[in-house]
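Sharing a structure below in structure tokens format, with a few things to ask.
Order of writing sets the labels: A, B, C and D. Residues in every chain begin at 1.
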Amino acid sequence: MSVLHEIALPAVEPDTAAPLVPRFEQQGYDKNAIAARRKWIEEKTGTDFVHVASCSVPGEQMRGNIENPIGTAQMPLGVAGPLLVHGTHANGVFYVPLATTEGALVRSYERGMVTLTRAGGVTTRIYTDENRVCPVFFLAGVAEAHEFAAWLNENFSSIKAEAESTTKHGKLLRLEPQPVGCEVVVMFSYYTADAQGMNMIVKATERACQWILHHSQAHDFLVFSGLSSEKRSSGNLFAGGKGKRVVAGARLPSALLQNYLHITPSQLVHLWHHTILGHLQAHAAGYNGHYANGLAALFIACGQDVANIVNSSVGITNFELVDQEDVYVSVTLPSLTVATVGGGTAVGTSRECLAMLGASGKGGAPKLAEIAAATLLAGEISMAAAIASGEFVRAHDRYGRNRPES
Amino acid sequence: MSVLHEIALPAVEPDTAAPLVPRFEQQGYDKNAIAARRKWIEEKTGTDFVHVASCSVPGEQMRGNIENPIGTAQMPLGVAGPLLVHGTHANGVFYVPLATTEGALVRSYERGMVTLTRAGGVTTRIYTDENRVCPVFFLAGVAEAHEFAAWLNENFSSIKAEAESTTKHGKLLRLEPQPVGCEVVVMFSYYTADAQGMNMIVKATERACQWILHHSQAHDFLVFSGLSSEKRSSGNLFAGGKGKRVVAGARLPSALLQNYLHITPSQLVHLWHHTILGHLQAHAAGYNGHYANGLAALFIACGQDVANIVNSSVGITNFELVDQEDVYVSVTLPSLTVATVGGGTAVGTSRECLAMLGASGKGGAPKLAEIAAATLLAGEISMAAAIASGEFVRAHDRYGRNRPES
Amino acid sequence: MSVLHEIALPAVEPDTAAPLVPRFEQQGYDKNAIAARRKWIEEKTGTDFVHVASCSVPGEQMRGNIENPIGTAQMPLGVAGPLLVHGTHANGVFYVPLATTEGALVRSYERGMVTLTRAGGVTTRIYTDENRVCPVFFLAGVAEAHEFAAWLNENFSSIKAEAESTTKHGKLLRLEPQPVGCEVVVMFSYYTADAQGMNMIVKATERACQWILHHSQAHDFLVFSGLSSEKRSSGNLFAGGKGKRVVAGARLPSALLQNYLHITPSQLVHLWHHTILGHLQAHAAGYNGHYANGLAALFIACGQDVANIVNSSVGITNFELVDQEDVYVSVTLPSLTVATVGGGTAVGTSRECLAMLGASGKGGAPKLAEIAAATLLAGEISMAAAIASGEFVRAHDRYGRNRPES
Amino acid sequence: MSVLHEIALPAVEPDTAAPLVPRFEQQGYDKNAIAARRKWIEEKTGTDFVHVASCSVPGEQMRGNIENPIGTAQMPLGVAGPLLVHGTHANGVFYVPLATTEGALVRSYERGMVTLTRAGGVTTRIYTDENRVCPVFFLAGVAEAHEFAAWLNENFSSIKAEAESTTKHGKLLRLEPQPVGCEVVVMFSYYTADAQGMNMIVKATERACQWILHHSQAHDFLVFSGLSSEKRSSGNLFAGGKGKRVVAGARLPSALLQNYLHITPSQLVHLWHHTILGHLQAHAAGYNGHYANGLAALFIACGQDVANIVNSSVGITNFELVDQEDVYVSVTLPSLTVATVGGGTAVGTSRECLAMLGASGKGGAPKLAEIAAATLLAGEISMAAAIASGEFVRAHDRYGRNRPES
């Protein structure tokens, strides 16, 4: 094991010539390489990595998931449940792993889950299940762009064959051209099975774009245009195509709501009405209490691509009175991006957390999506109840110890 | 140690009566309680928690950060650098901890950091540093709401005193009323020092709201209205008030850009131009390549509230030609939410990662904010270069091993 | 002719009992009724309606377009041209009628039109041509909503038959369900020929909804859900479906640009780059200089539904360098709503203005759409040039006499 | 009177050399010039301008409002009322002029007005009254931009003096810098008295920008950045600063609502709840039924800048139950742009329509703003009631004669 090389540098100011992180043979994933790298950083920065070093995941298992590894970050992991789900893919009682450092969060989700379970459970459904890449093609002018858009659809089967030649699992579902002047953004929508699939479908799309470039009037392309809204929020996400569109809902009787959450259906709807007005004034994308909290905790626990919480947390929570007595509560997630194959799903604690949900590997992704939606619904009713009943501050005082004021 | 209690239940279907996660004395943060809880879950779900159990953080240290703990989730941790920063708070060379399972990400950020450092470093500045809570007050009618808004400003000093009576660190900066019909949303903006501060300022705001309720015409209030855009994306974030407004920029000479990133300034600007068109079509909030990636990795490493990446990742990346030869690159983050006190910042690996940046505890938050902005800039130029040069797919083929297709 | 009736009133405060506008036989569209009504208003308000009374449109021609008529509003009407268009529907040179009171506007559009014409003309294309209504259906729960969405597509032909039974011209193209919890919004997309068509397709959709209500599990519906974005701006408009998606573009040589607009291609692109950053910060829907100005002037002249400028003015202007010398300029309008049949298109000056464009009646709407897009392109380059060259204030000083400061 | 000149042209294709609209001495506003121009267009396009020619407004009165005039466009004008308003500026009963060709619109607004009046009237209030221009300044880097932002505030009084040196009425209220990388957008907010004021404040701002350019580190500027959202919709409008923030509200007893609008308070709130969900899915800016309709009709009648309906129609309608029996209805308009001085306000029918409202000239603008808000509220409750009660299609069948299907 040895430091192999650094990029050759001209004579420069010391700071601009600061050394690279050490390079090792085979990229340095064995135990010694990781330790040597960590030691180098410890010396550079004067830090003592006791916890970072206490990592149970073998270095070689991290290959493909990280570069320049020095250990693992540890995030406290709790469980919330029971959560009774009646879905197409998820059926039964679940205990959900949540990794977070936000005090009161697990307790709050648990409270919501118990309420939903005692009320008979959460019904979940998936409407669409796809992912997309949106390259942009450049044409000579508006007329050529218009012809190109027509040409695309005429050549769909050839383009599909090219795209799918790079993948066993990805299926190109359709092409949708969207012009801007003399360029045409094309939405490539794929089914990606249990993978989040971005690497898969970017590769497939680039192959297809190269074919298009050689067979059409387009004179150039960029494989990304920004339209796909991967890892960002946008109004476009409601139209679908980024991830799974999932809905979860339950009907809650007034007595149960008051017993478990200490509010009436009317109070819940009152809160909904007035906080939606705030969202409108903020011009937020969608409306929800705190999807991002539940998704972040679940995604970290289950080895998901955590940055996908940005697109996944766009959605709509609805509370409405039914027959003046009960309340129907629901969450609608137009762009939930989850995976049980690829990415970080097989690494250490992720594999264990997915196993805990019975959602590992093949066939697991739709199940995980339904559990995620049901989990978010629990978080929504619990937080809403805490605000509406005035318990929010009290609960955080009780459970959130690590506040700076204590 | 023993299972203490479960909520009493009527006779119901077995599934709806599913058992609670076991309760323990003192909430169960000692080693045995955590092990017993973990064992209970293992039996319930048939999972073997080898990695989750291999947790180096003492259970009592998790109190206030999680409930129902069973161990920790581990996320691979790598380092990227050197990153030379010329900020008001961050000055010098940094090596940045990034926790992720997305292969190629650390390598990509590292490449951008080396480029920026060799070019002379990144300049960073903070414009505003605050956080807000936006309660909504209910009045009898439009006339009363209008009077209430005027009354608020006349009583600012009393309201400020009430709010600040609950906190040593939070300072109420101003009140801004925003009416909707007969209700008035009021933006309470605070300085929160090195804490993210939501718990702190929600508590302060609730106290102030109670005082307002007793001294004004308002007949009720909700402590949240949704306007604050905490943990969500919104158009309103650009107007400021949620977190720190931070800017990072650098001028890159053409030769250096071609040497390190294999593209010309014109190619970079071409990419910017056409991907901004895609963002516009998506009606995204702001424009950037992948802030969410860098923020997620940095936030997990440094014990930040990960859900805050949703508001923090709203911002604008700009690439523009200077003197036809160079390119000026920048990121602008209107609502970056980081902390070095409170929350998860003192727990295990988080404390070590903050120490590695010299950004622990008091005075650390503005420094962390500037490092974060500089890190995102590195990610933006590296990703943009990869797309513009056609290297994107190749890089992910090389570093992203755990794709399902391999 | 006589005042027929007023709604019977209880004894109330004089103000709340204020009289209705007089009622007349047959709704009062004959000359005497209009004069009597006008006289009544003159007396009530102490106004002398000299200009309002000098109306050349026969009263009976207003029936179906207005109630309680007292005459016409007059808006100054100018012409701008020549505008050379190479479209699918519009081909040749046009002189465009613009009704406005904003000084300098006609001169500015004219300047842009001359520039475009001298450069060889504007190419225009229409991608999609449809309009939509989006009713919302209520179901018992999430599972029933999911079944309902599937049921809809299975019954498309029956639903189409019902919808089309109410109209000779409207064609139902497709149904797209979009769920929110236990309700399902359904986009009904129609081809409406040369009519704007909202009345037509709302009627068709209501008929279809009644059929659906009787044949499905839905227990109620509202014919509007707000999703259609009729007469409002939204991010969703870029996805298409509201009106015509039209593109207009032209390539402008540097010399011509400097000669007519006094700027270089680089200056134009510089302006684009920096004003798009402002739009992003505002979280505007799309990017353009002032589509609303041109559309308002053209819509008033041509008897369009003027409120439709809100959805129609969402779009993207693009300026980009070509071969370092020229600039390609374009406008992209995803939701342009124009008509040449129905509404105000046959009334008085509207009919004359449409005739002036050769775009009256059947087959006229796509032609009008292409002329509108080309007109907006003229306005975009002219305004951008005025700003970039610093001539903006000077031009308004010269042409805008009626400013309050003179 | 004679055709004076055309721009000299090189030898080109006939179409690209198409003739300019004829030029006349003194820009051609006298009767003969207008007639000659009209005749020229009639011959060019084969149109007979009977109605356009029947224009009662003297040509010279159009100078400063239009170029190349050929007459006036006529729009049917009706009146709706009585509308009882309790505002700060508007007090009493009004009959409101509405110019439209959309059948049923006047009747619908009238119905809403009568309902509001019989219920005791509409309360209106204005919160802020300003307009803004947002130039962008270019600096060498992020550090210089940060210094520039600080410098701006230190020099406010000098900048204010420069800006106000160009205007008798405009008052510069404040400067708010918003950085993007190495540039700084600056919001210049003004009070503009009774004028819409864009020409006034653009001129003032340009003067100030020139002064800033000579006294600061900024090396260039553009007088517009796009942030101001003039004549466009954006999320930023809710934060205020573009036009008047106006609120109108009323409490409606259940019996009256059922008597006049044939619905119950609960039905109205039910409609609100479900159409707001549609707006959220569309990512619309704000929520309202059809502000654009009422504003277009009022703006055309009263000589407003019609393109301003795009920013003015952003807002929020709220319906909420009060004491289970009544409903409180309101409209909130954060960016209403109206004027009673300058622009088209003194031309022909505009002057008469403003006179009819007692809102001409000095002091009229706030009154017009309150009447506009009250008018929109009438339109909101009437349309909502029509949809909720299922009368919408029936009403349009009765009043909307000029539909193509008849």
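The definition used in the following text is that a residue touches a chain if its C-beta (ideal position, glycine included) is under 8 Å from a C-beta of that chain, and two chains touch if they have at least 3 such contacts.
Bear in mind the structure is a predicted one, so any value in this text is a computation, not a measurement.
**Student:** State which chains count as neighbours of subunit A and simultaneously of subunit B.
**Tutor:** Of all the chains present, those in contact with both subunit A and subunit B are C, D.
**Student:** Could you let me know which interface, B-D or A-D, is made of more C-beta pairs in contact?
**Tutor:** So, comparing the two chain pairs, more contacts are at B-D.
**Student:** Give, as an integer number of Å, the spacing between the C-alpha centres of subunit D and subunit B.
**Tutor:** 39
**Student:** As a quick test, compute the distance in whole Å between the mean CA positions of subunit C and subunit D.
**Tutor:** 15
**Student:** Taking each residue of subunit A in turn, which ones touch at least two of the other chains?
**Tutor:** 178, 180, 183, 234-236, 238, 276-277, 279, 281-283, 285, 287, 316, 318, 320
**Student:** May I ask you to sort the chain touch graph into line, ring, star, complete or other?
**Tutor:** Complete.
**Student:** Would you tell me which residues of subunit A are touching subunit C in their complex?
**Tutor:** Against subunit C, subunit A makes touches at 86, 123-125, 127, 141-143, 145-146, 149, 177-183, 234-236, 238-240, 245, 247-249, 251, 283, 285, 316, 318, 320, 328-332.
**Student:** Applying the document's contact rule, which stretches of subunit B touch subunit C when the two form their complex?
**Tutor:** Where subunit B meets subunit C, its residues are 234-236, 238, 273, 276-277, 279-283, 285-287, 316, 318, 320.
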